[in-house]
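Listed below are the structures to be examined.
Common to both upcoming complexes is subunit A, partnered first by subunit B, then by subunit C.
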Partner chain A sequence: MTLLDFARGPAMQIAIIIFVVGIVWRLVGVWALRQKKDLSEARQKGAWVGGIKGLFVHAWPYKPFVPKVGAQYLVGYVIHLGLFIVLIFGTPHMLFFADIVGFTWWTLPGGVITAVAVVTTLALFIALVKRLVNPVQRMISNFDDYATWFVTTAPFVTGLMTTMNMWPHYETGLAIHLLSVWLLLIYFPFGKLMHSFWFVVSRYTTGSRFARRGGMA
Partner chain B sequence: MKEHDLTLGEELRRQGISRRSFMKFCAGVASSMAIPAAMVPAMADSLAQARRQSVIMMAYQECTGCLESLTRSFAPTVENLIFNFVSLDFQHTLQAAAGDQAIEAIETAMEENWGKYLLLVDGSIPLKDDGIYSVSHGQSHLDSLRELAEGAAAIVSIGTCASFGGVGAAKPNPTGAVGVDEIITDKPILNVPGCPPMPEVMTGVLTSFLAFGALPEVDRLKRPKAFFADTIHDRCYRRAFYDQGKFAYSFDDEGARKGWCLYPLGCKGPITHNACATLKFNQGVSWPIQSGHGCIGCSEPDFWDKEGFYKPLSAGQWGTAEGIAAAAAAGVALGAASAVMSRRNQDKISGGK
Partner chain C sequence: MSDTTVTEIELDFESKRFSVRKPEERFDVQGDMTDDERVEKAMVNFAKDFGRVSATYMEACIHCGACAHACPFYEASGDPRHTPIWKLEPFKQAYKREAGPLAFMYKTLNLKPKVTVDELKEWQELLYDTCTMCGRCTLICPMSIDIATLVGMARHAMFHAGLVPHELYTVTAKAQKEGSPLGATPSVFEDRVEWMGDEHEVDMHIDEDQADVLVLMSSIEIQKYPESMAATAKILNHMGKSWTFRTDGYEATNFGMLSGNTGWQKDMSMKVISTAEKIGAKLVILPECGHAYQALRWQGANMYGKPLPFKVQHISEFLADAVDSGDLKLKTVNKSVAFHDPCQVSRRGGATPAPRKVLEALGVELKEAESGGNMNLCCGGGGGVITIHRADTLRYKIMANKFRQLDSTGAEMMVTSCSNCRQNFDESGEKLSWGKDMNSLLELVAENLVEDAKR
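Here is the complex of A and B:
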């Protein structure tokens, strides 16, 4: 069995199993926790509207904070949008998903995907440098932050190296790229990458609680 | 002078091949094998002095496709003469002798050239049940290979079967078929995989052996680097379409008619090392991708068992729906258990209030 056979076969299946177990475990575990009772009287009706509003309002920093954290948000958006574009509109990725969903969709030219991936990778490195340089951010960072950065960046770097034929052997590069993605999947449920699931819940909860207490979302 | 005693240079002159043509041939081979241009005159001199090389070619568990490919030449080229120049002392299919006479021919060739002959092997070798599934003249091919390898100067495995087991070793591999280098470990072995292999690669290998007395530099799978260093994808004329994101999604869509990249149709070019994209087959006429079909990766080990020829390389093995459902169920159980433990802990801290 070659490394690529291993990456496409057993490694992929093990990673998917761990990903599914982990995600369901975390979701059910949090959902089944005892809910905190809010004993105060609601100051206004329709807290859920505040929850929905919170989803969007918190997508960009409060105006007075923009000069301080705006760039950080921008880097975050570049990373997330880049990840989405490369993952969904890269042809090999589309074909990977098409294998299970049973249909294909329009994709972007390889050159565009490569450019997006390069920009995203640069944004990831900017985020890392900022984390290391900013004393406060460095102080509050732990292993999880760096591990999350690593497992997110590795598929971009290995994918770019595979596309640009920078490995001594393409198939070894492809296998390493796949393995880096499986590492991401395995780490996903147990670290900060779970924010992909939590951010909607937490923003809604924050928004609705603020609204219930009569505050802004 | 006997024909057998002629050097290659003398033989070429006898055949009316000019030195200019011979030098062109040497330059061509040197170029294809990445030998520096400055080495060409020395290579030509050495090659011209070469004596007839004894070659024993054994056909084991095979389909004769490799031999068909190697003998498919249309014009009397220098390449042909190189093939003709070697003394092919034994080849089941091409020789007139049969039965006891054929065996005598092998024994004589081995005796006269012990330690010097080049052993060419075509086909895989079954190991299961002492190799009983492939037998000639009462001798298993496993025993035959061991015997012949002992007196060989070097071994060249021709085709994917001899190199890696090929179709004979495809799952479930009922005969326990393997390639030569899994049996013989104490001789220089060179693999020329392909289903079929390219005749030009064989010419290059033979020329190198005749000129330098050694097999060329090989990669980790013992394939000559000069021909197998690049992937089909690296050298494919459709590569530009891959980079532009222009693909054929069926064999009769617009992309297929326009000659766009065949990656979504299962082309194995990116993981296949061979020289088809540059040398092509039938004297440079065409090759599979030019004919509209993706590369099937025939020069790589286990190419029969890589999930089908038409499944894109990007496809993975997702596992069974049952497996994923079981994982989800395990997740629910773990989540519920975690929540119960958490609630108990809360109760403990709050004293049940």
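Here is the complex of A and C:
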């Protein structure tokens, strides 16, 4: 079995199992906790509307905060959108998924994907430098923050190296790229990558709690 | 828990703000417990109220640090320790180690070390001196985490571990023992009500057996701004309401809530709730006090264990309704006004439109400050912070920012609807030579009643 066979076979299966089971475990672990009912008289009905609104209003900072954190949000968007575009609209990725789901879809030209990946990688490095240099972020950061950065950045770097034929041995390089993605999947349920789910739950929770009170969150 | 020092510690009545006298020697640790017992108590009491909501918040943080930029304490100090989410660090650690879905892993592999008593002692300052639970950090948080609520829960832990700042513990114990944190015992209250009645020639209703409206006062008002009592009475009499003050349930402040003792919080709330039930009140009016609104309007029913059998309104909401219904007609005040929104009434309470309605009825030109209303900058004195002397320096720095914000409106008159904010403005204003007064919305209304609109 070559490294590529391993990456395409058992490594992928193990990674997907850990990814799915881990996510379910962590979500259920929190949702299974009891929650006391709020008995106070609601100011207004339809708290869920506020919850839905909360999902969107926190997608960009309120006006007074834009000068302070606007750039940080922007870097965040570049990373998230870059990840999404490369993953879904990169031809080799589409073909990989097509094998599993059984249908194909439109993709972007390789040059565009490479450019997006380069910009995303740069954004990831900017985020890392800020984390290391900014006194607030440096203080509140822990192992998870750096591990998350590493497992997110590695697939971009190894992917770019594969696309640009920078590996001494192409197949081994491709295998390393695949393995870096499985590492991301394996780490996903254990760290803050879970914010892909929590952002919905947390924003909805606060949005609905404050909608029944009035006020703002 | 030791409470022997309660009445021996003198209150500072000469200062512009009310607190215990600046202690020469601090006792920021209460009770006799071993270090391990303190940590144990902290963790048990932190976990007690833990539910889905708080767990979600604990899980959701991505360590982006944005919250620092919304926090009045961080903005004033620039100290990264004042980053709101950092104030919860030992509790986040404890949650992950003891309660989260991956706790078994963190514990077995010791990935999150056990919280130590030294950490808790270090965090006392962060949880009590540098957080008013104003909730501005939630606005900036991309995950919308309600950090203020978590700080409240962490305070439960700290109280039971006997790790409350000296002055806050003293006033809280005083409140539990004497019925008021600032010496406004029932007899003091009765005297002052009577005095204000005579002074302002207004009929005071006290200890009526039955009344539609139970009126509460905060100790700050009773002791420092007693005109509030006269103003409230004048307005209610003017509207022909059946109302009363009660010596068995008058104190609106809830230091049980601020310090983190849920049992005492319940006792303090129940005193008011039982009194309101006893006299058949349909409405309880809360005075100009921010945290009192939080304690009774939003947490009262949860303390009671069922929905409250009466309505609860902040005085500004009551006045806004009265203006709306035409029960109150007000003279025009030809001035421009800047309004300071108390965090617990506006942003976290939802009564933001009420004072604006009242100000509109007064015909003033309202000059909204930048980042005002629901996004208002906190005055830095709430959440018990104003009682803590070692927090003074930073509080003044916050107030300097606050003064700049209000001054930039160019308004002639400053108004608020929280007496704790007001005493913070008064005291800091003198210290920083602000040269302006902070006025009470309630008193402004009482001074400008149109008498012939009387029913």
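FYI, the second predicted complex is superposed on the first by the 215 of 217 C-alpha atoms of A that agree within 3 Å, B and C clash if a C-alpha of one lies under 4 Å from a C-alpha of the other, contacts with A are read in each partner's own complex, and residues count from 1 in each chain.
Going forward, a contact is a pair of C-beta atoms (placed from the backbone, for glycine too) under 8 Å apart; a residue touches a chain by one contact, two chains touch by 3 or more.
Remember, it's a predicted structure, so these values are computed and weren't measured experimentally.
Once subunit A is used to superpose the two complexes, subunit B occupies space next to subunit C without a clash.
Of the two partner chains, subunit B is the only one touched by A:V21; subunit C is not.
More residues of subunit A lie in touch with C than with the remaining chain of the pair subunit B and subunit C.
In the superposition on chain A, A:N165 contacts subunit B only, with no contact to subunit C.
In the superposed model, A:H58 makes contact with subunit C only, not with subunit B. By the document's definition of touching, of the two partners only subunit C reaches A:W198; subunit B does not. Once the two complexes are overlaid on the shared chain, A:P92 sits against subunit B while remaining clear of subunit C.
In the superposition on chain A, contact is made by A:R34 with both subunit B and subunit C. Contacts of A:L4 after superposition: subunit B is touched, whereas subunit C is not reached. When the two structures are aligned on the shared chain, A:V129 is found in touch with neither subunit B nor subunit C.
In the overlay built on the shared chain, the residue A:A115 is in contact with neither subunit B nor subunit C. In this overlay, which is a superposition and not a single complex, subunit B and subunit C have their closest Cα atoms 5 Å apart. On subunit A, the patch touched by subunit B and the patch touched by subunit C overlap at residues 25-26, 28-31, 33-34. Per the touch definition, subunit B reaches subunit A in the complex via residues 231, 233-234, 242-247, 249, 263-264, 270-271, 301-302, 306, 311-319, 323-324, 327-328, 330-332, 334-336, 338-340, 342-343, 346.
Every residue of subunit A that touches subunit B in the complex is listed here, in rising order: 2, 4-5, 8-9, 12-13, 16-18, 20-34, 91-93, 95-96, 99-100, 104, 107-113, 165, 170-171, 174, 178. For subunit A in complex with subunit C, the touching residues are 25-26, 28-31, 33-36, 38-41, 43, 54, 58-59, 61-62, 64-65, 68-69, 72-73, 76, 134-142, 144-145, 190, 192, 194-195, 198-199, 201-203, 205-207, 209-210, 213-217. Interface residues of subunit C facing subunit A in the complex, by the touch rule stated above, are 49-53, 55-57, 59-66, 68-70, 74, 80-81, 83, 85-86, 89, 100-102, 105, 135, 138-146, 297-302, 304-308, 311-312, 346-352, 370-371, 374-375.
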